[in-house]
Structure formats: C-alpha cells, structure tokens
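Pasting the structures in now, so scroll down.
Shared chain: chain A. Partners: chain B in the first complex, chain C in the second.
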Partner chain A sequence: MRRQAAAAVLRTRGRFRLTDRWFGTFLVAPAIIVFLVVIAYPIIRGIWVSFCANKLKNINNPIWNDFKNYQVIFKKGAFWNYFGNTLSFCFFTVGSQLVLGMLLALLLNSGIKGRKFFRGLFIIPWTIPSVVVAILWRWLIQQQYGVLNYILMRLRVISGMNLNWTNDPHMAMLAIIIACVWKQLPYMMVMLLAGLQSVDRGLQEAALIDGANQAQSFWHITIPAIRPVLVTCVWLSITQNFQQFTIINNMTGGGPNYATQTLSVAAYKEAFTSYNFGTSAAIGVLWMVFLFVLTMLSNHFSDRFGRDIV
Partner chain B sequence: MTGGDDMSMKTKQAVSLVLRYLLLAVLAVILLFPVYWMIVCSLSESHALTKLPPHFINTDPTFENYLKIVTTPKYLNYFKNSFISAGGTVILSLLIAVIAGYGFSRFPIPFKNTILSTIMSVQMFPQVVILISLFAFYNKLGWVSTYQGLILADTTLVMPLSIMLIKSFYDTVPRSLDEAAKIDGAGRMRTMFSVIFPLIQPGVVAVCIYTFLNAWDDYLMASILMQGTMKTLTVGIAETFLGEFCYDYGGMMSFAFIGSLPIVIVFVFLQKYMIAGLTAGAVKG
Partner chain C sequence: MKKILSLLMALTILLACFGMSAEVPVVTVNSWSWVDSGWADCLNAVFGNFAETHQDVVIDLDTYSCAYADVMNNLLVQAPTQTTPDIAMVKAAWVPQLLDLGVLADISTAMPAEALADYTEAALGAYRVDGKIVAVPYFGQGYAMFYNKDLFEEAGITELPKTFDEVLECARKISALGQDDKGNTIYGLGLVNSETELAEGYNVFPWLWARGGDFEKDGSIVLDSEANLQAYTEIAALYADGTSPKGLSFKEMRNLFATGCLGMFWDLQSQTASFKAGSELGDAFIEHIGAFPIPGATKGTGVGYNDDVVLVMFNTCKNLEAAGVVLDYMTGATTIGYMKEYGKGKMSSRMSVMAQVYSDVSDPIAAAFVDANSTNHALPCMNLHFSEADEAITRSVTRLAQGEDPATVLKDVSEEITELYAE
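And now, the complex of A and B:
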C-alpha cells in the first residue's frame, strides 16, 4: 500500500522522491552510525579483549590467552566477593529507595496543598553531582568532626566521636548505600508520583465504597495500575546501581579490605590502576551476562502481565 | 449519619492532614540537611570546622573559600573544561536525537522495534568496558585529553535515553498535523522542521537538561580520558580534596557548592521541563 502510494507521488510530481521507508531510515542513520561506532563496536571489542592478554604496551593488539582472564578472576575467589558486594549494595539501595520513594509519593499525592513546592524541595539532592555527593557524605560521616557522628552522640547512640564509618566493612557499605539512596531517591519519587497521578481516582473510590480499606485499595487497585512504572523504575535503578562507580570510589575506594568493592569499581581498578584490560573486560562480560539473564527472566515473567521491561 | 459522627470524621481528617504536613516537613529537613550543611561549611574557615560542637548556624560567614576558587586559574580551568564538554555533549546528542526521534516516531523503519530495544538495553552494559575500548581508540587517534574525545564518550552515556525521550514527545503530536502539512504542500523536511519541531520544544529542553546534567556529572570517562590541563571539574574536585587538601573542609564544601551551582540554577528555572522529561518515557511507555 505504502509503496504504491509513494510510487503514485513519484509519478504525479515527475521527479525523484524517497519512499517513507527510506526517508525514515535516512533520519535514524546518524544515530545508528554513532551507536555502532561508539557503543556497539566498543562492547563487542570488549568481549573479545576479555579473552585476551591486553596490557598498556599492546593496548591495540590484544593477544588470545585461552580464558586466562576468567581463570584468574575465579581462582582468586575475588569475583564472587565483588559480585556479592554488588548484589547486596543494589538490593539495599534499590529496596530502600523504593519504599521511601513510595512513601514520599503517596504523601505528596494525598491531596495536600503545595505539592509542587515540596516536590521541588525533595528533588534537590538529585541535582547534586555524584562527586560532590561523595565528598559531602565523606565530610558528614567524618569520624572526629563529622556532624552525623555528633548527632548520634547527642542522641546517645554512640558514646563519643568514635564511630569510624569507613573502617568497618558493614558501616562502609551502609555509608555508600545512604549516600546513593540520598541522591537517587528524588528520581524514584518523581517517577512514582507521576505513576500515582495517572491512576484512575474513580476506581480507588469505587473500591472504598465497596468496603475495601485504604491498604486493600493500595495493594489491589493502585499497585496493579502503576505496575509498568514500578517495573521500569526498579529495572533502571538496578542497572544504574550496577554502574555506580563515582560515589563508591570517592567515598570508600572499595575498602576497607574490599568490603565495598563492587564489580564496577573492581573493573575500573583492574583496567586503569593495574592496566589489565583483559581481566577488567572479563569482569564486565560476566556482569553483562548476569544482567542480560536477569532481564530475560523478568521479561519472561512479566509476559504474564503483558508487558516487557525493555 | 448523625452530626456527631460527621464532626469526629472531620476532626479525624484534619488531624491526619496535619500529621501528613508534619511528616513532609520532617522529611524535607532530613533530606535537605546535607545541602544546608554544605552551604554553612562553605562559608566557614576550615579551622572553625574542626572544633566541637559544630555550629549549626553560621553567625560569622566568610567568603574566603569562594575567593580562593575564583582567583586560582587552575580551578577556573576545571570549570571551563566542564562547560565546554557538557555543552558539546548537549549539542551533539540533541542533533542526533531530534532527527532520529522523528524517524522512529513516524516512519516504517525496518527492524524498528529490535533497533529500539537494542539501543535501550545498552544501559545495562558496563560503561567501563566501553571506556576501555574508547581509551584504546583514542590512544591511536591522539584523542586522549581532547574535548571531542570526551564529548563523544559522554554522548554514548546519554544517547539511548535522549532518543527515547524525544521520541515519546514526538509520539504525543497527532499524526493528523503531518498529514495536514503534506496536503498543504510541505515536503517531509519542511514538515519536520517548521510544523512538528516547534511543538516538541519542551522535549528539546528536557533532553538538553538531561544531557547537561549527565555530562556535568560524569567522572568515570573524564577521569581517564582527560589529563593534565584538560581535567574537568568533577575530576578536579576529587583529586584536590581526596589528596593534597583533604583536611580543608571549608574549601572542599565551597568547591562542592560551586560545582553543583550550574545544575541547581538550571533546575530552578527549568524544573517543569525536567519533570516532564523525567516522567515522559516511563509513565506513558
């Protein structure tokens, strides 16, 4: 049909004219070329490099080394440690963001005045650059003069200015989670609020009239209605926190004793501190495989709800 | 319903409303305290900050820390590099996204859905792996420590979402407008630039903000690709205050505040577009 129409135009005007199909392709071509050159090719090359010995001296000539990079990262057992750190960091960061973000969004959506004003206030942490977030929180949790320790001391949670956040594995992990949640919470809140605002109020009211309580209406009307937003937010947040490098690296540097060394920090250090590009790429490839499988699985399960994540 | 029940219902609602405002106020104080503290400390001398108890209200503000920043050429240079790189990223990704978004929104492109989901799925690929390859290419090309190198690298970070974002704005413009323009004799290029393009300006603003924010925020790419006098602000801040001046808390906080300022200003003036942009893709999609 379309081709015939295009051919008709061509005849009537009597000069050369692209079909819609070709015109569209022409429009998206620059994007696809940039995509292939600076994203797809680097990633495919990265996968190849992960099977190669690739140091600074042969940076442009990776040499095949029979899976040695993978053997190295698994032999040391380091991979599972970093992977575990990444999972717990992601789980707690995404989980607390989701709960707090939902709480804030529900509060802002509960018919209060000045919603835009509060939303504007709450969004400010999101606009603070990651490096600034890292050094700001380093100062807040500083042991001797940090204001957080001071407040904890006044609340009698700790006995003196003696809580060294970055020296204890669990506290260091908690510190980076707090900093990341603080920065990312506004985004989650804005997205969930937009989702909540799109929910049909009539349905919620009908449920209440039919005798459902607020909690039932929330679980059975609101949550299913905003499921697409919810799924997108969680997926985006998981992938972003897998990528999280700036805040972790500048707050704890992966320490103490590798307790906050996530895959992204490990891959970065492997590449640009030790210059083992091959090993670093191998870490990246395993992470890619994991997220790919995770996405496939969740797509498979969300098929039941008739919607893909990506 | 009796009058008494009505009254108690009303009081209940009033109490619940007051509680909600109270909770919001408490949360606002907790969430914004770090920003407040950053500003207070930036206006204090460092030696005043290493004393207990901390002064939660700064009674004697000093601008010395800020003066030091604006009179140090090295620091100003960080700002210049960040502005040029972020500005370049905005222009490049906008050019690509505005044109591609229209194509994806309106035309029957072969394998359209496959292409779109491939572009979107890039977000889960490790940026470090892309960086390794770019670093190798740039070494060969001599693009390490150049603006075009970092601009291209930052574009890889923002391009996928920029395209999807602007496409979702094109999708909201009715197709009947395209057809009307066609009937009136406008060509496809003319339709795109003079009819449709003016209608998606909020989307353009949203993409500008998103790309600027991300390019300004970038530390991963810049820390490797920009060396020496080409270092950007984020790298400069990290390097200065995690190294040589790691006890200069006043200086650190003033630098942190000035580093956030461009984005906070953008945010204050363009909040409306930013929120429209943030939510456009996810909520409708």
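And now, the complex of A and C:
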C-alpha cells in the first residue's frame, strides 16, 4: 500500500515537473521568437548575403559567389580607410567622453550648490535625437554664419569667419567628434556619477589620514573601486560609437572625400547608393566580427576585474 | 401581387447597393512634394481641381512623409513585392534603376496619342527604350543664374554677363568688395560641394559645357579632356582665391545668398521662396535679386540644365484608360498653370502647354527661367550608375576645393566613372 502510495506521489511529481518545464518554455517562447525573428534571422541572412551577389535585379534571389564581395572590398583598398576612420573616431570620442564625463561626475559628486540643477541641465543633450544634433551642429560650425566661428573670432582664436570645418579632413573629423561627445557625454557622466557615489567614503578618508593626497586617493582608491563601471561604460561607448551613423552622415556625409567615412556610412552607401547589398553585407559582417572580438575581450576584462575586487 | 412588387423593389435596392452602379476606376499616384511645405497648397489645388472636373476617375493620392531622397528607396522596396502605385513621380535619374527591375509599363498603352504627340522627340526620346515609352516628362526643373542686384551695383557692374568669361569676371569684381558693413565676407560665385546632398556633382556640368567639354558622349565617359581640364582649373582657382565659399550645400548656399553675401549662383526658380524665408528683408528681398540664363562660351548660348521630373507607370496598373487620363492631366496645361500660379517655376516639355501657360510672363525672374528653358541641356542621367557618378564628381570638386592638382583630380574621377559605367 505504502509502495503504491509512494509510486503515485512519484508519478504525480513527475507530471508536475513536466508541466513546470513546459510552462516555463511557453513563458520564454515569445521572447525567443522575437529574438529569432528580429535579431538572429537578420544576422544569419546578412552573413549569407555577404557571400552572395545581391543587387537590385536579384534583390529577392541572392546568388552565391563565395568570397567575391570580400575580395572586392579589400581590392579597392578603401576598406582600410573606413576602418581607420572608425577606429580614430571611436578612440577620440570615447576618450573625450571618459575624461570629460569623469570631470563632470567628480564635480557633481563634490556637493556643489545647484548640483541637481546642473545634473538636469547636463542631461539635456542626451534627450535630443541624433539627427537634430547633426543638423544643429552643422549650423553651428557653418563657416560664414555659424556661432562657433563667431565665438572663436571674438576670442581672437581665428582672424575672421574663415575656419572651414567641413572642407578640411581633420576639422571635419573633429567636428563630428565634438558633436558625438556633446550628445553622449551625459550618459557617461551619469554612469560614472553613480559609480562614484557607490565608493566607500571610509576608504577615501582612511587614505587621506594615511597621508595620501587627493590625486593619489583618486587614482588608488576611487578608480579601482569604480573599475567595473568604468569598463562597462567604456566598452558600451566603444560599441555605440562603432555603429555611429546618424550624426556622421547628416553632418558630413562621410566627406570631405571619404575623410569621415566610417564603416557604417560606407555600408549604407554601398547598399543605398550603389545598390550593392552583397558588398554592404560583407562590410557589415567584418564590422560585426571585429565588435564580437571586442565584446569577448570586454567580457574577459570585466570578469577579471570583478574577481580582483572580490 | 403586392408581395411580388415588394420583392422586386427590395431586389432592385439590393442590386443598386452592391454593383448595379458602374464602379469608378481608381488610380493610385505617389507624389513626394508634400514634404516641402511650400508645395502643399499648389498640389492640393492641382488634385482638388482634378476631383472636381473628373467624375469618371478617382485619384488615390499617396504622399511620402519621408525625405524626397528616400522616395526611391521606398519604390525599390515596393517593386519586388508588386505593391507599387499605378503612377509615381520620380526624378529622371531614378528611371534606370526602375527599368532594371523590369517594373515599368509602356506609357503609350495608356496615355492618349495626341498628348504623347505634344512632346518633342528630343523630350520623349530619352525615355524610349526598346520601342516602349517608360516615362514621360512631368515638369522640367530648369537651372538659371540668380544674382544680387545690390552687389552688382556696388561692384560697378552695369550689364548682365553675356558669356561665361564675363560671369567669372563679374564674380571676381564682386568678391573684391571684401566684406559687407557687418564684417561678413562677400563671395562672387557660389558652387556647392558639401557631399551631403544629391545633385551636387552634376551641378558643375554647366561649367564643363561652357568650356566646350562634356560628361558623356555616345555612351562613353569623356571627362578627361582639355576643355574639362580648363573648367576644373578655373573651379580650383575660384575656391583658392575665395571667390566661392567652400563646402556648402544647396541649402547653405541659398541661405548665404539670402543674407546678401553672395553675388551669383545657379539654382531652381522655386528656391525664391527659400531666399525670402532666409532674408532679413523677407518678401522684399525679391526686389534685390534677378536671374538670367547661365551663359555659354559665346553670346546667345546657354549652358544651364534641366533636372527633369518624370511620371512613370508601373506594370501593376490595371486601369490603363484611367491612368492615361491622369497622366494627361498631370502633364497638361492646368497642372503646369497651377505650378506657375504658385511660383514653382516648373516648365513643361509639351509644346502646347508651354505656349498656353507661358505665353505672357510678366515676372522678370520667371521670364529668365523661361528663356533658360529654351537653351538648357538635358542631363545624361539614363544610366544605372549616374547617381554614383554624381557622388564621384562631388568628391572631385571637394578635392579641387582642398587644393589638389586639377589634372590629377580629373584623371582620377574620369577613371572611376568609366570603371563604374563598365560594370
């Protein structure tokens, strides 16, 4: 009797576990479907199209052509220019955001008067859509009647309204970096501020008591304490800026003469000006591979720093 | 008996509701111009009048809410899925891509023969492919030279330039004025090269034509020539000596012109609205400017160009007769008349329409554009790679503005486009 009862319970338990598993699957299924349809399928199709000849005429029927698209990209040589532009744009944009973001975060963390007001004020650029930022900055850097040239002229940095931001390759790159930093700085600032506010004040005070100055305390106490936040912010910023398209395309169009043409702009032009979807996909795949490697590195460093702190 | 009569009446009413009356054919038409708010009134008038005067055909109008530069992408997405409209308004430069997709129908099967006969062979010939008419000119967007009367007076220029050499001479005289009373630099002649807008590349064609050069001849790219080299050298000098501002888009150039700091530049008649909006003087600014056809190498010749907008009919169109009525109306005198009334400055390639609408032009700026229309060149845009060529030429002009050697720049762009066209 007892054995029969125990067996009945087991059978019941087995049915109960099976139902639980299926119920869990049903709950997760919508998210998986969305992931498959919106993320996985486009990625897989994009990778496949990168190995196909896919132009307007056969837009629905890509024809496999092995690595021809990749050969074309590298043969033209321009790919390395786009890659270099992307790397330098990322480096200077992320670097500037980090330094300025940290300075602002330290300022707001220092208990100055009107702290909340300034925090709200500094957030504003982040709320403005990227295309508006691009148009706004294009008018600000306009040579003949832009405000920036006027201010520089009044400060006697330039002799007249003669600084051409968009026709010089270096100035054009500087212009898009400034616009992107202006737009994205609030995010970096907010994240670093949150990190700074989580630092144990006791450690900082102890360091000061032991004779460390502010700089040493900042470098040896504060920075290690917020390292996970720093790493996360930096890598997020890198991946975001690697994909930056709106501001660059609307400010300079990738010019002058490819000086600001990054991988994102190049992929767009290949697809929607040249209607060469296969080559465009190939650029996208190369860019995806690079970002994938970066992400793996980021995860590795994040884990490592996490273990260090523990 | 009463029951039978009631039954018959009910049946009649039922049939009347569900199909005894003739179905009015519907023609779907796409138009991008609503994006530019200055066109809304004009096109509302055009299509409103059609609705009032044509009870037998209904236009289902679809206006794009996206930028005009994205219109083509929308059509390209619609094409493979057979969801294109019956008729669409497109730039002539976009026709090759649509033709390549095999989605364009033969307009001669729909449009009345007398309307087609109203076009010159030169106007229609460009759109005749394998015996089929794949597009008809809707309106021509002619370019002519705008000039600032005040700057001309200040520079001591009493007569309008009649040759391209005189244009350059006037430009340098105006540029020599230096700055205005607010300290703003004055430029003589503006040439766009921002790389952010379409059509910046072929905007230099007037200069090439003025020097006897060309872009394409008999299907071959003829950019690398002595005549074009002269043009490129002059363009480089224009930027180098500050006669033209560098790196400006069409919008920025219009704004600069509206501030009164630019002597001359060539543009569309419809942009007078932009000048009024951008100028401190508002509508009164129009009294301070004028226009003339872009002169060629010798007196009496013109080197402006027409950036045609055409109507295409897709092969998804089922109501050919109704589509023909719409095509005839949209290219006819009523529509062009409304465009003239609303100051759009669009010309027609139909002979009777021009004779009817532009027989009496009192506005001097409009008169200049009508004059220009008679000498303007058609753009050689019926090639799949013309848009890419346009971008390549824009980049070459940027290189000139950056001070590179004109001969090297011309050779590079010629090779690039030749390779493109060979694909």
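Heads up, the rule we're going with is that the second predicted complex is superposed on the first by the 273 of 310 C-alpha atoms of A that agree within 3 Å, B and C clash if a C-alpha of one lies under 4 Å from a C-alpha of the other, contacts with A are read in each partner's own complex, and residues count from 1 in each chain.
The definition used in the following text is that contacts are C-beta pairs under 8 Å (C-beta built on N, C-alpha and C of every residue); 3 or more make two chains touch, one makes a residue touch a chain.
Remember, it's a predicted structure, so these values are computed and weren't measured experimentally.
Once the two complexes are laid over each other on the shared chain, residue contacts for A:S274 go to chain C alone; chain B is not touched. Shared-chain residue A:Y145: touches chain B and chain C both.
Counting the residues of chain A touched by each of chain B and chain C gives the higher count for B.
In the superposed model, A:I59 makes contact with both chain B and chain C.
When the shared chain is aligned, chain B comes close enough to touch A:I112, but chain C does not.
By the touch criterion stated above, A:M161 is placed in contact with chain B and with chain C alike. Looking at the shared chain after the overlay, A:P129 reaches chain B, while chain C stays out of its contact range. Residue contacts after overlaying the shared chain place A:L185 against chain B, while chain C stays out of touching range. In the superposition on chain A, A:W137 makes contact with chain B only, not with chain C.
Of the two partner chains, neither chain B nor chain C is touched by A:L196. Common to the chain B and chain C interfaces on chain A are residues 59-60, 142, 144-145, 161, 250, 272. Partner chain A is touched in their complex by these residues of chain B: 17, 20-21, 23-24, 27-28, 31-32, 34-35, 37-38, 41, 49-54, 95-97, 99-100, 102-104, 106-110, 115, 117, 119-137, 139-140, 152-153, 155-156, 159, 163, 188, 213, 216-217, 219-220, 223-224, 234-235, 237-238, 241-242, 249, 252-253, 256, 259-260, 263-264, 266-267, 271, 275, 278-279, 282-283, 285. Only residues 2, 20-21, 23-28, 30-32, 34-35, 38-39, 41-43, 45-47, 49, 59-60, 104, 107-108, 110, 112, 118-125, 127-132, 134-137, 139-140, 142, 144-145, 147, 150, 161, 182, 185, 187, 190-191, 194-195, 198, 228-229, 232-233, 236, 239-240, 242-243, 245-246, 250, 263-264, 267-268, 271-272, 277, 280-281, 283-285, 287-288, 291-292, 295, 308, 310 of chain A touch chain B when the two sit together in their complex. Of all residues in chain A, only 56-57, 59-60, 138, 142-145, 160-162, 164-169, 250-258, 269, 272-275 touch chain C in the complex they form. Put simply, chain C touches chain A in their complex at residues 73, 76, 80, 97, 100-101, 183-185, 193-197, 245-248, 252, 255-256, 259, 261, 387-388, 391, 394-395, 398-399, 401-402.
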